[in-house]
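Residue numbering begins at 1 within each chain, and the chains themselves are lettered A, B and C in the order written.
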Amino acid sequence: MKTDPDRDLADCSSGEGACAPAGDCSESSCAPRPAQCTEPDCGDDPPAGCCAIEAQGVEVYYGKKKVLTDVSFGMAPGRITAIIGPSGCGKSTFLSTLNRMSDLTIGCKVSGDIRLEGKSILGSGIDLIELRRRVGMIFQKPNPFPLSIRKNIQLPLKEMGIRNRDELEATTEKVIRDVGLWDEVSDRLNSSALALSGGQQQRLCIARAMALDPDVLLFDEPCSALDPISCSVVEELIASLRRQYTVVIVTHNMSQARRIADSVAVFWVQEGSGRIIEHGDLERVFEDPKHAIVKDYVQGGCG
Amino acid sequence: MYPSRIDQWVVWGLRFLGVASCALVGLILLFLVADSIPALRTLGDRLIHDDSWHPSEHATDGTFGMLPIVIGSLTVTLGSILIAAPLGLASAIFCHFYAPPMLAGFYRRMVELLAGIPSVVFGFWGLAVLAPMISTLLRPPGHSMLAGILVVALMILPTIALISETALAAVPRSHIAGAAALGMGRWSIIRSIVLPSARAGIFTAMILGIARAVGETMAVVMVCGNIVRVPGSVFDSVRTLTANIALEMGYSVGMHRSALFVSGLLLLFTAIALTTIIGIVEHRSKDREGGAHV
Amino acid sequence: MDTLALPASSKREERIARAMIWCVALLVTGTFAWIVGDVFVHGISGLSLSFITEAPERGGRAGGILPIIVSTLSILAVSLVVAIPLGLATAVLLAEFTRRDNWFSTLVARSLDVLAAVPSIVFGLFGNAFFCVWLGMGYSILAGGLTLACMVLPILIRSLEAALRAVPDEYRFAAAALGMSKTRTVLSILLPCAAPGLVVGLILGIGRVLAETAALLFTSGYVDRMPESVMDSGRSLSIHIFDLAMNVPGGEPNAYSSAVVLILMLLIINFTAVWGTDRWVRKISGQSAT
């Protein structure tokens, strides 16, 4: 499924306002959305529209070991959903099922249902390339390619079928500006991305993902490999993505979740397998958790 | 399994080429068997029972007793591994535990270079230097099993040393540090901790050394004297299977050629057997490690 | 480099062990120096420009080795032209397109192990039966090159595969998350990243081809004339040394000189490989440090 080169990034580049909450809603795929979104699971206070991503009874096995049990919750469009919980509770595993990166792990089996704007993404007939373009992912450790800054952004675009030089350059500049890197790197777009600092590399990775004009961005502890200053820059950047993208972020930093998230899902290990024990609006979960464990966890951890 | 349509095409193309490269084993086996069949069918156990090796084009004219040649191969292999195994292992231990870092690096590089020297150069050195020396210092003719054993030992030593060292390096440092903390000396740590843990890797090194020794041709042709008989002592001339092929293949026809292919087949089966042994050993040691983790 | 500073004990057994191990090291070093020294001492005097620009005369006793170098390089070229695409494709297949635990890659890996252990003289027999006789190539550079291509294939595949596997997984994840096809990832990112390692693997393969003798005895043949095409028989440098040493009385001086040429070629190749590996390792570790 090749992307029509004419469908460039104009919708979004013409300013934030022009970009509808859940990405490009001019497409017909958005039309049936309200009808399918009657499920009550979209957080306590879903905004207009409904869940961009909807997990239903997701279970994940690594070989024979069950690492996630019955995860069901929705991630609202244009909002930032934080997934928190102690390490080893399957947060990152769950995140990687959302764009099927879990397929790359040998022996990893996912069951249940995950719907992206109403369409299931777990079937075998899914175009994974298209899915991963719509659902971008940023990793714990910045992973720019060992190529120039420019090529890092343009290589995936070219792979998408965009050949027009002007268009490539325009997109490159736009996304690098969007992540606030333009002033720092505009004079050395042709030098190696590996020469950038860790925080710059991570922002480049975000820019690279944004260049594909995704609807959803997944962040897997994007700050944990960075120093505190770079961390706060990246964090502000993520906060600024609200409304433009549906953001799902895995973090073990409670205060970070509190600073940037709109809603929260708390994962916990119970009976040897990760489960979701509470989810909902940020304030509600942090101020008035239903679950005793969550209460201890968020209050102990927020410092 | 693969996300894109191009990938589907590419993976099938790659599989085709991959199959082609391993089908090579089958192809080699096929051609060796095909050319061996006449000898196996007509000569049968004459290949073992004939009392000499005077092959000719027709089965009726010649004698085809390969036994002395097989024994020649076995003795040269055995002798060379007996010499090369301790020396190679000691080299690896030297490199990893005794030599100062600079010297260890230098020594390792030297062993690597030694591994890269063509067998024809070893053979030439054996022919021009070693054999005459054996002849004058010990006993003529010099072109003997001893010369062959020494040259082949030198050639397989780097293989054994390099692979053993990899095995030594894989021994967890915590084992060694733990033993050192108990006040054990260097040699007793090596003997009682390192060598037992690196056992499987060292064994693999020895088997690969044997495989190389069995298959070595040029050096053996040049220094062993190539007389077909069961050697009475290490100073006698001897002919190995590989040398026999190298010497006679050029002019052999008919049954003679086929008999040479039988010996090639024998070498191929030896290689397969040795590889299988290595596979089994690696498999078992992996299982044991896996068991330890659970 | 990673030698452990273990306690040196003064116990008798410890001292004996230390002494013996040092003795072995000295013995090996001495023998190595002896062989290389002997070849160089005898061979270097015969080296001159004319030695590598003239044709051999009187069966190689006099004259140079130009046609032999040409044949050697032609055999090398033929074998690389065949082995590189096959080897690279198989390495990419093994490292990027199959999972290590699946039956297909186990089968491929097993057959490569067997192939690597097959003695070179057996490759010679096979090459003679298949290329020379069955395909009717006769004793020719083509047959010799193809035989050697079969022989280096396992080494080539193994080292190319290792080079690809050494590329950090992060690049693969990044590319997958950006919706890039596996093919594009391999072509644009993994192969360029692995390039220095691939070159090292290639150089090792070249070294093997240049050093080989037995597999060429009855595939590319003995003819020491300048080859006119790949269908001509051509004598490789290693066979030249063998022939001069074994079959040509008085051929020793030139055999020594040819051995020097061969060793020098291999040394240059080896040092390039080592130097390339060092640089590559430094580059890769530098990458992950940033």
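Here is the rule we use: a contact is a pair of C-beta atoms (placed from the backbone, for glycine too) under 8 Å apart; a residue touches a chain by one contact, two chains touch by 3 or more.
Just so it is clear, the model here is predicted, and its values are computed rather than measured.
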Taking the mean of all protein CA atoms as the centre, name the chain whose own CA mean is closest to it. C
Tell me, please, which chain's centre (mean of its C-alpha atoms) is farthest from the centre of subunit A? B
Report the inter-chain centroid distance for subunit A and subunit B in whole angstrom, where each centroid is the mean of the CA atoms. 55
Distance between subunit B and subunit C based on Cα centroids, please, to the nearest Å. 17
Can you give the whole-Å distance between the Cα centres of subunit A and subunit C? 48
In subunit A, what residues contact two or more other chains? 128-129, 132
In subunit B, which residues are in touch with two or more of the other chains? 3-4
Among all residues of subunit C, which ones touch two or more of the remaining chains? 176, 179, 181, 184
For the complex, give me every residue of subunit B touching subunit C. 2-4, 6-7, 10-11, 13-15, 17-22, 24-25, 27-28, 31-32, 34-35, 86-87, 90-91, 93-94, 96-101, 104-105, 107, 109-114, 116-125, 127-129, 154, 157, 169, 173, 176, 180, 183-191, 208, 211, 214-218, 221-222, 242, 245-246, 249-250, 260-261, 264, 267-268, 271-272, 274-275, 278-279
Help me check something: in the complex, which residues belonging to subunit C touch subunit A? 99-101, 170-181, 184, 188-189, 192-193, 286-287, 290
Seen from subunit A, its contact residues with subunit C in the complex are 99, 101, 104, 106, 128-133, 136-137, 139, 141, 143-147, 155-156, 159-160, 194-196, 198, 201, 205, 208-209, 212
Within the complex, subunit B is touched by subunit C residues 1-4, 6-9, 11, 13-14, 17-18, 20-22, 24-25, 27-29, 31-32, 34-36, 38-39, 42, 85-87, 89-90, 92-94, 97, 104, 107-108, 110-115, 117-126, 128-130, 134, 150, 153, 157, 176, 179, 181-184, 207, 210-214, 217-218, 238-239, 241-242, 245-246, 252, 255-256, 259, 262-263, 266-267, 270, 274
